[in-house]
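Note that subunit A is present in both complexes that follow, paired respectively with subunit B and with subunit C.
Entry: the complex of A and B
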């Protein structure tokens, strides 16, 4: 059965719809609650991990940026690994930005619509302004983290506006769409997901000690792209091969290191 | 003992048929190999196959057209698509049109055998070939 990834322009909307969909379908809900486990596994603070999904380090905070990328890779690795179990509804983990090319992952975007309670209290304009600011921040974050704009609705398989569709109807629409043949699991899509999971695990390991790393995987074979100065090139390749080779599931490592004039990485 | 599964294998690259035929026969299927989709369709008009394994990009008729023909003439046949040009959109399109499974090339023969065993089960003729019986027998 498909994986349903739910994101929204407001956190409470995302949580509410995801919980209802998971309940209606009898699926496991994957939410930020798993941060505690990710933290324990990777010796990281769960609160910091949650914060990494919200805050973008400043362009010049090189060290913070490295830590941020490492933490994101740890989150990705764990989320993708759990998605391999199937029958999952996912929210609050930004999976819509890194689960790419997996045909049985249905991405749903929920638009909160006008808040009726706020309208009744005459606070509608303020709520709208807050949402615009929030959207701008999310766009900035998603572009910095994954080079994708999460507010671009063309990225999603299904978009529902709660201003026009009631939440219960939205849940029914999502569960109905999830049954479409197009979103069913196939050998190809499971492999795509497994490849993404392996890439994320390798990336997390490498980013503990280095930066500027990109990893592609295919069935246990891993291709790693990095940067190094001419002087450090060979030692970097050796180090990458050693570290990546130890990751569970890796059976072949190929490394491509380009020249980098920046001596820090 | 039940009747062996009849499999038609269609790929315009001769090496694919040459390599996969013995791999599928190993689990007890009877396999006919075709490189020309037109001839494969003519054969399927004469004889009903349990499983069709087909490439997508082929001269004359592509895999999705072959699928369409099979669905009209032999709806019971399970169609497995194999392609070297796998992308999410194509996978979804094929799945939406009713393929049983979709797999990207290159793959291990064992991957295809597992899908065929799954298809056999869906056809109501489960085959008794535990994985260890044929694992690691292919390069």
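Entry: the complex of A and C
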């Protein structure tokens, strides 16, 4: 059965809809609650991990940026690993930005619409303003982290605006869509997901000690693109091969070290 | 039941979706025929209306206000047409021209650029490169047009109730989604919703009658009580008062008509 990835312009909306969809379909809900486990596994602070999904490092905080990318890769690896179990509803983990090319992953965006309660209290303008600011921040974050604009509607299979459509109706629409043939699990789509998970695991391991890494994998074969000066090239290749080779599921490692690469995979 | 507007990028299969939705729900289907209605009623060549709703304004047009007149005519024709309810409109700008009406389901169909280019190549028998350039140009024009007239980006998903990507979904799936959403309780026609639509129709009639001479004024209507918001030198114009007297006699559905000058125009004004 498909993986349903829910993203929204407001956290409460995202949580509410995801919980309802998971309950209606009897699926497992993957939420930021897994941060504690990710933290324990990777010796990281869970609160810090939650923060990484929201805050973009400042332009001049180069060192922080390395740690940030490493933390994101740890989250990504764990989420993708869990998604392999199937029958998953995922929210609050930005999976819509890194689960790419997996045909059984349905991406849904929920827009909160005009908050009626806020309108009644005369707070509508303020709510709208806050949402615009929030939206701008999310756009900036998603561009910095994955080179994709989270607010671009063409990224999603379905966008539902709760301004007019009742949340329960939205849940019904999502569960109905999940049954479509195009979202059914196929051997190939599982393979794509496994490849993404392996890439994320290798990235996380490499980013512990180095920066500017891009990883692609296919069936256990991993191609790593790194950046180094000519003088350090050989030592870097050896180091990458050694570290990546230790990751579970890696059968073969190919390394390309260049002077300049695109770090966003 | 309700009104469904389907907006789409060029060659995004939105027309096919609209036709099937109308068939499945047994609704009327409308698109360019709105332009014919407007052309007939306001005695404007259809080509001018097509250009007004398709092309972004040229520099000279920004000062001549012709586009505003044509848009007012088209909006009036569209609102008259949807008054009877149970209609699918897949022409341009439906979601913007019917803003504020609660029982309008605003749908956006998206498809990735490569597929749109492929559709264009097969339909127009042109090369892929030409198709790509033309499709991108279309998108840019649409964006400019909407930004100029409504201050909104057509790619802003907040303008729509439902956005469906048919890259991975089929036309049938999209039709299913739309039909299901149209059954939503909030989108059913209510007495209040129908009254809002009637009021919008009256406001549009008044605006269409005035727009040629007073392109910058705005109009609202509530339960047949029409408020006209003139700007600048129009405020004290005798011509406006004369015209309003005429409108009171000619246009049906008006209980009371007055001008409000020097106050902020409400957002819902046309």
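The definition used in the following text is that the second predicted complex is superposed on the first by the 259 of 265 C-alpha atoms of A that agree within 3 Å, B and C clash if a C-alpha of one lies under 4 Å from a C-alpha of the other, contacts with A are read in each partner's own complex, and residues count from 1 in each chain.
The rule we apply is simple: contacts are C-beta pairs under 8 Å (C-beta built on N, C-alpha and C of every residue); 3 or more make two chains touch, one makes a residue touch a chain.
Quick caveat: nothing in here was measured; it's all calculated off a predicted structure.
Asks: Quick one: subunit B or subunit C, who's touching more of subunit A?
Replies: The partner making contact with more of subunit A's residues is C.
Asks: With both complexes overlaid on chain A, does A:191 touch subunit B (first), subunit C (second), both or neither?
Replies: So A:191 only meets subunit B here.
Asks: Is A:164 in contact with subunit B, with subunit C, with both, or with neither (first, second, both, neither)?
Replies: second
Asks: Please indicate which partner A:248 is in contact with in the superposed arrangement: first for subunit B, second for subunit C, both, or neither.
Replies: A:248 contacts neither subunit B nor subunit C.
Asks: Just checking: does A:43 make contact with subunit B only, subunit C only, both, or neither of them? Give me first, second, both or neither.
Replies: Touch status of A:43: no partner.
Asks: Name the contact category of A:231: first (subunit B only), second (subunit C only), both, or neither.
Replies: neither
Asks: With the two complexes superposed on chain A, say which partner A:154 touches: subunit B (first), subunit C (second), both, or neither.
Replies: second
Asks: Check the residue A:103 against both partner chains and state whether it touches subunit B (first), subunit C (second), both, or neither.
Replies: both
Asks: Scan A:180 for contacts with subunit B and subunit C and give back first, second, both or neither.
Replies: both
Asks: Touching subunit B and also subunit C: which subunit A residues?
Replies: Subunit A residues touching both partners: 103, 180, 182-183.
Asks: Touching residues of subunit A toward subunit C in the complex: what are they?
Replies: 103, 109, 111, 113, 151-154, 156-161, 163-166, 169, 172-173, 176-177, 180, 182-183
Asks: In the complex formed with subunit B, which residues of subunit A make contact?
Replies: Against subunit B, the touching part of subunit A is residues 101-103, 180-184, 186-189, 191-192.
Asks: Write out the stretch or stretches of subunit B touching subunit A in their complex.
Replies: Going through subunit B, the ones touching subunit A are 86-88, 91-93, 95-96, 98-99, 101-104, 111, 114-115.
Asks: For the complex, give me every residue of subunit C touching subunit A.
Replies: For subunit C paired with subunit A, touching residues are 102, 105-106, 108, 110, 112, 155, 157-158, 160-165, 167-170, 173, 176-177, 180-181, 184-187.
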